[in-house]
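What follows is a single structure, written as structure tokens, with notes after it.
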Amino acid sequence: EGVLRYATVGEPPTLDQQVVTSDLATTIAQHVFEGLYTFDSSNSPVPLLAAGETISEDGKTITIALREGVKFHNGQDMTSADVVASLKRWGEFGSRGGLLFEHVESVEATGDHEIRITLSAPFGPWKNLMAFLNGGPAIYPASIVEGAGKEPLSPENYIGTGPYSFNAWEANRYVELVRFDDYVSPEGEADGYGGERVAEFDALRFIPVPDVGTRVSGLRAGDYDYAESIPGDLFAELEGDPNVNTILNGGPLFGLVFMNSSAGPLAENYALRRAIQQAIDKVPALQIAIGPEGLWRSNGSFLPEGNVWYTEAGTEAFSQGDAEGARAAAEAAGYTGEPIKFMVSTNYPFHYDTAIVYTKQLAQAGFNIDLQVYDWATLIEKRSQPDQWDMFFTHHGFVPDPILISVMNDNYPGWWATPEKAELKAAFTASSDPAERVDIWSQIQELIYEQVPTMKTGDVYTYNIASPELDGLGEATLIWPHFWNVSK
Amino acid sequence: MMAVASIRSVFAGRTFAQIGLVWLAFVALAAIFSPLIAPFDPYEIDPIARLTEPGWPHLFGTDHFGRDSFSRALYGARMTVLIGLGAVIVALLTGGLVGMLSAYFTRLGHVLMRGVDVLMAFPALLMALVLMTLLERSVMNTIIVIGVVYATTTARILFGMTLKLKGEVFVDAAVCSGAGHASILFRHILPNLVSPLLVQASFIFAFAQLQAAALDFLGLGLPPEVPSWGNMLSEERIYVTRAPWLLIFPGALIILSVFSMNLVGDAMRDSIDPRFKDDIAGV
Amino acid sequence: MLFYTIKRLLALIPTLLAATMLVFLFVHLIPGDPASILLGDTATPEEVAALTRELGLDEPLWTQYLIWLGNVLQGDLGTSVFFGTPVLTVIADGAETSILLATMTMVWIVLFGVPIGIVSAMNKGRWIDQITSGGAMLFASIPTFWLGLYLILLFAVGLGWLPSSGFPSLTDTGGVTNLRYLILPSLTLAAPNAALIIRLVRASMLDVSREDHVRTARAKGLRPSRVAIRHIFRNALISVTAAFGFTFAALVSEAVVTETVFSLPGIGRLVVQSILRRDYPVIQGVILVIVVLYMFINLLVDLAYARLDPRISLK
Amino acid sequence: MALLDVENLEISIRFGHELLPVVRGVSFSVDENETLGIVGESGCGKSLTALAIMGLLEGSGVRVTGGRMRFGGRDLLAMSADERRHIMGNDMAMIFQEPMTSLNPVYRVGDQIIEALQQHRNLSRRAARRRAIELLDLVRIPEPDSRVDSFPHQLSGGQRQRVMIAMALSCDPKLLIADEPTTALDVTVQKEVLDLMLDLQKRTGTAIILISHDLGVIAETCNSVAVMYWGRLVETAPTDALFETLAHPYTRGLLHSIPAIDRDVDWLDAIPGRVPTIGEQIAGCPFHPRCPRAESRCRHEVPQPREIAPGHLVECHFPYGGDR
Amino acid sequence: MSAQPLLDVRDLKVHFRTRGRTVRAVDGVSFDIAPGEVLGLVGESGCGKSTVGRALTQLERATAGQALFEGQDILSMSRRQFLPLRRHIQMIFQDPYASLNPRLTVAQTLSEPLFIHKIARSRKDAQARIAETLDLVGLGPEAMTRYPHEFSGGQRQRIGIARVMILEPKLVIADEAVSALDVSIQAQVLNLIKKLQRDSGMAMLFISHDLGVVRHISDRVAVMSAGKIVETGDKSAIFEAPQDAYTRRLLDSIPRIMPLKETS
């Protein structure tokens, strides 16, 4: 019953899940669109639109059965034709589709509710990739997705199978979803994103409230039921407030300082990069940028503790804070004080705060850091030009499979594409043995600490706040907050 | 010459304006001597001493970097003066010159003032925003952008005032004496613009602070690390309930200083040549 | 009058042309391109290039300008890169909030500013004048976002009397009662502007009261209040009118900060967001609309002058 | 008893913390059908005297600080503000120097006259308008029916001054104070306006105080003249007597300073020196530093008004034609 | 009177274009002034008197006509060409309050023309000349370091006159030079102007609406009405036997002090 009012940090560029990687877009869109798989609370992929799958002995042929009777918001039944069309578009144009489709030979319908994917070689992460909705294979009606290209779908084509259907997008005002009465929920107890989904609200309203203070005040004043991205420093205060519930995000995000592997003083000089890494103590930056102890972890592993991908390989270099050692190492690496251009944006306070601390630490170790402060859009433009920067600051959301981490992409600014990386990456994707994959990943992580294409800054557990009237939210969010099985 | 006497006459019997003047003198002193007075380095980060309450040794408490707010406030006085003076200088040098020349050389004025008209149509804050995104966030750029924003109004105002002065009989008299353009502009007209310009400057000075704070707030002003009162407010604004002192002190400082500048400007306005009263904007 | 209006409108054309050119130039000089922002972190350079081509951003600047201008003349401000909807629609959505906000703010300004200005002028030098003009100046010295922040804390969070932020539109459920959402923002916005109007009303009243005809009015034996309203204020209104006009124009656009603090879906915030997203068509569109609004108000002010001051004839 | 009796009027201006007298003890009276001219150089206090009588000094930092004024037997200074306002514009009206600025530019002249009428007479708007047109006709404005709807800027200076006169006469005042009503007008128009005033006086019997710095204007229009110097009336007399004797050296000097249009003189007989400023301290006769007849007595002793002929008062120790 | 006039104005026209309308402020005016002669120019307010004076000093551009100063047409000269002649054609302004730059001391005001026209070579030289001229107009040398606002109206007008006299011009145009002064001061200044004119032998165009003043100071008088000169003649002829109807009306409206008695 009623309307859920969700204060977002801004507006998503589009809800088209296949092409967009914005977290905000997924937070909204996961109510509208569904993929074949999703994650349960342990971050393992479980069927959603799929009923189940069989994999051939050689691991190359995957046959997926689809649930029957699932309806799109336009009233049509979901069939294999829709799924094949959706997967094909995702494979060709989707942001993360290429990762899988590099290895895909064909996708075809083998029945009204069955499809078959043929791989060129076994590919381990396929199910994780299918389950990750962000930039992932959301299922659209074939009529819409056929002929659609890279261009995001326009709002009138937002037709999915989810518990809520898209209703309206008022620029600057809100995105509104309404309950889809013909929704057919998957079976089973709700667990993570898996299991039964019940739409309790008449409508969900995602209202952009860019100013964080306003999000907090608005929730306290009762104008919003839920508000995202709240600064760590307010945690204690908000947790003590009986009018506010705090909800931690289970998957931490982490800052990354990319180094330019293509041009400039850092391009090939791994020793110098290691010297930079050596100079930095990550803890003070986390203390300052995030605040309370519980909300950050000085963790060098790219995936958090408790996750299957957790590994300490290479992490002894993570946070040394050894100014003197770094100075010596830099000198040995031939560094003579030339300026190092470090770009950071002020749009995310934690980027800026961290960069300030790092700059101080690096200066102490004798580095000549030229901190360049831009707004996010400018930074994005500049970072694509190799001659404009040496380091830049960004952050990364939680991903269920390391293959999805941006540094794995050779084209990502920084352009890390050494032969060592290429070799390990090939092995990593080729294997579908979980244990072997974890092992290869730890080697990759070690390589990252050695070649330093990027520098992790530590895990940040963000949290959201909600009105105590909301029932069913649970203690923590998995990746994106969702509002099926939630009521007021 | 008449300076001291005229300052005295401007402020005679205006208690508030006098208090304002005293406050501004404090600000100026703080700006000049901040490195000597400040107990801490305003950039010194201390993760342990984050968000400490006001007390000893952190008179105004510390911010989320653990930096000493009192020291930052002292250095903030420096930014206040810098932004104010910078904006005034930019506005007067560009806008003022355009306005004066346009009024004096009528034909040139037709062209230039059309341009000013066009610029006037651009809302000041939006223009500042667009300009700021064009440029890197830096103290210099902020000053220039704010100065440019006030340049258009200044040009308008100076245009009007110069036009009035150009019609004065003593200008005719100078022409009859054979004085050239430069002499008339700078020897006969400009000195008569000094006091209205001072008034105008005081308002620009005051409102530039608010404009700068607004830019800081929108994330397009001074680099956030720079200790300015506007930055102190906008960078720490989420702590309004958690660490109220972080907003109260710099807020009070801005308000007090802008208020003082306004009081001083008002006092000066009341005492200037009535010819120009209409022209001078509250900006 | 009509003839004059038409003439003035025609005279606006060159100014508008210059303004549009300037807008275009400014906006396109801003670093950052919409394609990269739209495509996000993982886009390849080829994809960005393709989208850039698709959006027509690879043409020479002047070609882009001419195409844009041509479209504008046909009433088409282009399509928002970000929203994918026509710019005009996006602006129209924002305009509702902005115009309502500006109007409400003007109501406060007139309601508070004018009477206080009059009272303060009529009591020049007395304590009531000192308090009102001092207070006005104090309000003009407060950074808007600071004031807004505390108003929210007090009236929305603390007392719970008014909503803290947002504005769900008059067509939304709630209808006219949704105007409650605009009370705090409009007060925030009104504070400095009302202060300026108070000062202006006071100063103009004092100027007029020194004029000879006021003495004539008093010499007729009129009551001081009648002299103040009918003779002094009526004449002071002439110079105050322009301020009203330009304040209104400024309110529509310069509410950026207030709209951000109160998270209002207005034009000001739209511009800021569009600048951050490099949504060129929207930035251009909004600035164009605001420039047109400004000029239109300029014209209205002149027309109002002619109505208020019979000495001005419109030829 | 005269219509207006001014006795020892003293007006002071506040300069900072000081109250400096500007009009320092002025006495005169006017009666019905009479025209009193007050002449004097700029700044000598003519307008302040007039404004004090009208009751328009309030709130300008200028105050009546001494003396008495009776109008129709009533003490003006003892009246309440309301009573004063009831007389203002009704029994007593004033015309000002600047016809260009003395009318409110935003109202039609008719409405401004009507406003005065409605303030004191219980007239309907229609009746008031009819009366306004009559008044405009009375002051010889052509086509009063349409001119009643003109705005001030649509009238010439002379016409505006006529409107002012019409407004002043609207409630049949007993006393009309005209403060330099023609100074800003062209000579030809000046004459017409003055003639008009005198003509109206003949019909209504209104007492007039005409203030001017132009001795010629005074000589042609007034029954009696008061010469003012630095806040004092130095000579008061019926017009003929005044110009006959020119008893006060200042009056005489003033007259000789004026270049005549009907006679050639090579050099003007100018008064040396300048008028003292407000607040200047001068012992003895204020005119003595410029006076050709000054003797040591003049430097020490302030002259008191002396009646050297019936109705002819002079403030001088050694007036011309006096017993020297 | 010498054969060649110092200034010969022929058919001078000055039209102003304001808001699409043309104001024919001066519409065909001709007169001449001989060296050492004073020509009075009278007329109603707005008839164009000041405009004539302003056109002759190039403060206003003439629309048509000629003004021959010692044979050269000054109206067609450029600003630069006219510069050397400015020394010889000077102007006294009406308002003693407005015609002096409030920000300059008397010495600064007076030295400016000296240096522009290279009359003084050195500061000392200028100083001496200024003191001399101030003395001429009846002010002491202590006036030099003071600002205009420290003087009374009459004194300021003397400074204005000094500024003109310091250049020893051949022609002075006095536009309402005494109208803003009080009668008693006016008489002093009139006497001064007359004396200086006689002593230096300069010619003068004396513009005034005050007929008495014009009669007092002029040799000849020109009466202007609506942009045109309606009558010119010897002052006694104009004042005692006016030919033109307008002149007569003007003279008739002057209030007179009838029972004027000659005093010893």
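In this document, chain identifiers A, B, C, D and E correspond to the written order of the chains, with residue numbering beginning at 1 in each.
Following the convention adopted for this analysis, a residue touches a chain if its C-beta (ideal position, glycine included) is under 8 Å from a C-beta of that chain, and two chains touch if they have at least 3 such contacts.
Note that the coordinates shown come from a computational prediction; the quantities given were computed from them, not determined experimentally.
Trainee: When you check each chain against chain D and chain E, which touch both of them?
Mentor: none
Trainee: Give me the fewest steps it takes to get from chain B to chain C if each step has to go to a chain it touches.
Mentor: 1
Trainee: Please state whether C-D or A-C has more C-beta contact pairs across its interface.
Mentor: Most C-beta pairs in contact, of the two: A-C.
Trainee: From the centre of chain D, which other chain's Cα mean sits the farthest off?
Mentor: A
Trainee: Report the inter-centroid distance (CA atoms only) between chain A and chain D in whole Å.
Mentor: Roughly 91 Å, centre to centre.
Trainee: Give, as an integer number of Å, the spacing between the C-alpha centres of chain E and chain C.
Mentor: Roughly 54 Å, centre to centre.
Trainee: Could you state the distance in Å from the CA-based centre of chain A to that of chain C?
Mentor: For chain A versus chain C, the centre distance works out to 40 Å.
Trainee: Round to the nearest whole Å and give the separation of the Cα centres of chain A and chain B.
Mentor: 45
Trainee: List, in ascending order, every residue of chain B touching at least 2 other chains.
Mentor: Answer for chain B, listing residues that touch two or more other chains: 133, 237, 240-241.
Trainee: Which chain D residues reach two or more other chains?
Mentor: none
Trainee: Give me the residues of chain C that touch two or more other chains.
Mentor: Correct list: 30-32, 149, 153, 260.
Trainee: Which two-chain combinations qualify as touching?
Mentor: Taking the chains two at a time, the touching pairs are A-B, A-C, B-C, B-E, C-D, D-E.
Trainee: What does chain B use to touch chain C in their complex?
Mentor: So the residues of chain B in touch with chain C come to 16, 114-115, 117-126, 129-131, 133-134, 206, 210, 213-214, 217-218, 230, 233-234, 237, 240-241, 247, 251, 254-256, 258-259, 262-263, 266, 277-278, 282.
Trainee: Across the complex, what residues on chain E touch chain B?
Mentor: 54, 57-59, 83, 86-87, 90-91, 93-95, 98-104, 112-113, 116-117, 147, 160, 163, 167
Trainee: Under the definition above, what is the set of chain A residues touching chain C in their complex?
Mentor: 7, 10-11, 13-14, 19-22, 95-96, 135, 150-152, 154-155, 169-173, 207-211, 213-214, 217-218, 220-223, 347, 374-382, 384, 394, 406, 409, 411-412
Trainee: Spell out the part of chain B that touches chain E in their complex, as residue ranges.
Mentor: It comes out as residues 2, 168-170, 172-180, 183, 187-188, 191-192, 194.
Trainee: Going by the contact rule set out above, which residues of chain A touch chain B in the complex?
Mentor: 212-213, 216, 231, 233-234, 237, 283-284, 287-288, 291, 346-347, 349, 352-353, 356-357, 360, 372-375, 377-378
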